[in-house]
Amino acid sequence: MGGCLFSRTPLALVREILRQRRRGLTLARNLMCTEGEFMMVAGAAERVMTSWMSIGLPWGVSRIMRDYVEGGRVAFEEWSHLALGLRFRAAAMGVPFLPALTMLGSDLAATTGLKTVMDPYTGATVAAVPALFPDVAILHVHRADRFGNCQIDGYPHMDADIARAAATVLVTTEEIVPEEETRRHADRTVIPGFVVDALVHVPFGSFPHECYGLYEADFAHFDTYVTAIQGAGARAVEEYLDRYVYAPPSFADYLDLFGGERLAQQRRLAIELTQ
Amino acid sequence: MSVTPAELLAVIAARELRDDSTVFAGVGVPLLAAALAQQHHAPRLTIVIEGGIIGPRIKPGRLPISTNEMRAAHRAQMLPTITDIFLFAQRGFLDVGFMGGAQIDAHGNVNTSVLGEYARPKVRLPGTGGANDIASLCREVVIVTPHERRRFVERVDFVTSPGWLDGDGSRPRAGLLFGGVTHVVTTLGLFGFDPDSRRMRVEALHPGVSLDQVRENTGFELLTAASLATTEPPAPDELELLRALDPERRFLG
Amino acid sequence: MGGCLFSRTPLALVREILRQRRRGLTLARNLMCTEGEFMMVAGAAERVMTSWMSIGLPWGVSRIMRDYVEGGRVAFEEWSHLALGLRFRAAAMGVPFLPALTMLGSDLAATTGLKTVMDPYTGATVAAVPALFPDVAILHVHRADRFGNCQIDGYPHMDADIARAAATVLVTTEEIVPEEETRRHADRTVIPGFVVDALVHVPFGSFPHECYGLYEADFAHFDTYVTAIQGAGARAVEEYLDRYVYAPPSFADYLDLFGGERLAQQRRLAIELTQ
Amino acid sequence: MSVTPAELLAVIAARELRDDSTVFAGVGVPLLAAALAQQHHAPRLTIVIEGGIIGPRIKPGRLPISTNEMRAAHRAQMLPTITDIFLFAQRGFLDVGFMGGAQIDAHGNVNTSVLGEYARPKVRLPGTGGANDIASLCREVVIVTPHERRRFVERVDFVTSPGWLDGDGSRPRAGLLFGGVTHVVTTLGLFGFDPDSRRMRVEALHPGVSLDQVRENTGFELLTAASLATTEPPAPDELELLRALDPERRFLG
């Protein structure tokens, strides 16, 4: 899954995965938050592969994550942030592993079954981070053309590596631009069309998470969400899913629950911070 | 207005940073410390943030709550991929890494993964994020944390981020060719590590703090530096600059 | 050395290296052309590490390269284009080698002493391309600020990896921009200031080679240069160096030898092709 | 106007390319062949060029003479680093790779490095460039070359780019998990390889070319396909489109 934490999370695609009542998925994402909680409570995810999961400093440790992992209902496979990034990059490069100097000596090396390899030139021992080839990648980008050439503004996170690593690549985009637009700024393209399997035009496709330069994350929405969980735990998430995922027939209906006023405000905040 | 614990941590941590250097800083007190150092004595300090952000200028009153959001990237100089951010550290370009942690032990190892058994944890914590990488790859690591007995344990339940491991050269033996924890900045004082055993030792106490007080709040046997110093209290200009960064006092308490 | 063939070659820096009469250098560049011939004839290079050297299709095989390599005066260490790129990337990543599937089975594997390594997870054998840490990197970029943050337009070649790989990094730039300009387009920065040791403002710093979007390579100049070599061999290059490298006291004097008219024309051609 | 050897090669090579596929093409005849295929029967063919160029639209009359210049990048869709261009191939995204070569042998190995000994070469050639990578990493390689006896040798002096190596599974045994040379397009005909021995065999002759003529111009024992076909001569529309791409006839002769 592309993006990072509550930045450029492909929430429109997550919503559809939940609506299709998928089961038994392994979720690989470098930093996880609400989308991971949705997947856990909906029973879609049986395993998460990540370096960190909660929402953010102000909201403390995720109670949902704790309940499901401590209760043994979801497996939590922890890799260091770089190691997970290198797992995607190794796959993106088409090699079975990448050498690294991280995770050595820590208990994470044991729990992940990390192996080492000897540099055949110097004899030095380095970590060998195994490639991760996801079955499906879901990504949200700023703009793409009809050939699937994708461009991202601001921090690129790990999306380009994830797209190359995965067998099937599904992308939602804030904007579909004419082919000529891509060609005018070819040095802004980070994912080539021949890597992409499906492309859908979904403005605000990661809301209430953020999209660099276009809308800031809706922190007030997170407050309400977390407060409800502090009261009712997983029940609160189930109610949230009923309201935001299962009830609205279309993504437009989903956005209506936030209201145009809120969307416009988050856009103003993003412009303020990036211009 | 009296100095809050968070303010004390931020000011003492900021003094660890030199000009013309790079610092890997997480959000909250570490980022405030880095931003303070930039404004106080290190104008050319480059702040590097995990989310893929190099050289941002934090907007006062718009402090980020995560390492990958527009507030963290405000006026940044470069926005590489997250993987590349850590590879800059692996290549040796990151001078100092700031870290916190739920548990810290006598050898500076940090736990942010689990309390109890990893397989069936009593408490499942959020996880390493980039902490393991920062601890493994920065040239120098400084831990910044409140000083509490439950936090300072003889041995962490789980080594998420390697400090000196078991001391006595076990860190390089594990393949970690450089780096290590040099200082631990707490609400009670400034701590370092014995060059041989690599066990934590008291190097300086904050004004008004006694050695007994530190021992009472530490769950393991602390060594003491040959000459025990007292830290300079936060100066008015340091506090003024720091408080201007967080007028809503979201992180300064 | 940054750039590729006759694109973004740091010729102002090459010129200065020659003027300082440096000797015994090993030149590592993915594709080499006139700059390599200069270094050979001037006696600056005793070894080239590259995947290809000549000038281009219309000018055939480099006679200078043939004379110096066949005569045993310069060693030619040949790596595949990807392998040389991975040598820089391994160093840029701070690892001693990178696994790859290239160069296997070819005679290049033997002549370079390429070793293989076993993937500790699957047992598969892959090539282990050794890291290359240059003592000095010389690069030419489109724009940089006073902190050394560099931005490149168009094809980035291998410059970003080379900058991270080298111990010392020297950069010339077409334009020095205010810090605010970098910050306004931070997602265009490819080399961070903390990697750069020295920065010099040199417009047309890779002329008569090209700089994407700013000026096209001066092919007519190459014609004259190669024709002279077909007649007089290395002597022709010595005369060229006297005229273009040793005689002009400043780089401005060097550019005057081409004339403002020519520079303006090459700029028009570049704009035609990229806008 | 009669068909030149270069035009024949470009047209026959273009027919090797399917729509909705990707081709790794060097400058000169290979790039002309790819551009022709795009305009003739493969509008969604993505051309990939070594210099870090994906999906360019070559400007007629402004043909590039190198793989890394603005003429090659004209109206490209993406401009990644050169290393990443080859990594797309290593990941399996490149369907066809076009190649030439100073020497080609019975197993489709190509030499562009040296004639004579590598250490003290009789002739030092420019080198592999990306040829070794294309031959190692594309899903399928097509060699496009004039047919001359001095070029077609039993064994190349130096294996710059691996074809089938020594045949009989020696390519996969060397660690090259996929790919290999499928066709050799020459000025005399179309050649393939025996599925077992992986030795070159004649599969089709150009109109008016005899098998003896091919044998005279080949320095090794050629196998012959069960049914020997004759290639379709370049059609008027193919020639028209091709000639429009190179009005100055810089590469079409």
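For reference, chains read A, B, C and D in written order, and residue numbers begin at 1 within each chain.
Keep in mind that, in the parts below, contacts are C-beta pairs under 8 Å (C-beta built on N, C-alpha and C of every residue); 3 or more make two chains touch, one makes a residue touch a chain.
Only a predicted model underlies this, so the values are computations on that prediction, with no experimental measurement involved.
Q: Could you tell me which chains make contact with subunit A and subunit C both?
A: B, D
Q: How many angstrom lie between the centres of subunit C and subunit D, each centre taken as the mean Cα position?
A: 27
Q: Using the average of all C-alpha atoms in each chain as its centre, how far is it in Å between subunit B and subunit D?
A: The mean C-alpha positions of subunit B and subunit D differ by 57 Å.
Q: Could you please state the distance in Å, as a whole number, between where the Cα atoms of subunit A are centred and where those of subunit D are centred?
A: 41
Q: Quick check: what residues of subunit B touch more than one other chain, meaning two or more?
A: If we look for residues of subunit B contacting two or more partner chains, we find 73, 79-80, 87, 90.
Q: Which positions in subunit A touch two or more other chains at once?
A: 94-95, 100-101, 116, 124, 126, 154-156, 186-187
Q: Which category does the touching pattern between chains fall into here: line, ring, star, complete, or other?
A: Topology of the interface graph: other, matching no listed pattern.
Q: Touching pairs of chains, which are they?
A: Per the contact definition above, the touching pairs are A-B, A-C, A-D, B-C, C-D.
Q: State the interface residues of subunit C toward subunit A in the complex, per the touch definition above.
A: These residues of subunit C touch subunit A: 94-101, 115-122, 124, 126, 128, 130, 153-156, 186-187.
Q: In the complex of these two chains, what residues of subunit D are touching subunit A?
A: 22, 44, 46, 54-55, 57, 73, 75-80, 87-88, 90-93
Q: Can you tell me which positions in subunit A touch subunit D when the two form their complex?
A: Of all residues in subunit A, those touching subunit D are 91-95, 145, 147, 149, 164, 179, 182-183, 186-187, 189-190, 192-195.
Q: Please name which positions on subunit C make contact with subunit D in the complex.
A: Result: residues 4-7, 30-31, 50-54, 56-58, 61-62, 65-66, 69-70, 72, 76, 78, 80-83, 85-86, 88-89, 100-108, 111, 116, 124-127, 154-158, 160-161, 210, 212-213, 216-217, 219, 270, 273-274 of subunit C touch subunit D.
Q: Please output the residues of subunit D touching subunit C within their complex, sorted ascending.
A: 27-28, 50-53, 59, 62, 65-71, 73-74, 79-83, 86-87, 90, 113, 118, 120-133, 136-137, 158-162, 165, 170-171, 174-177, 250-251
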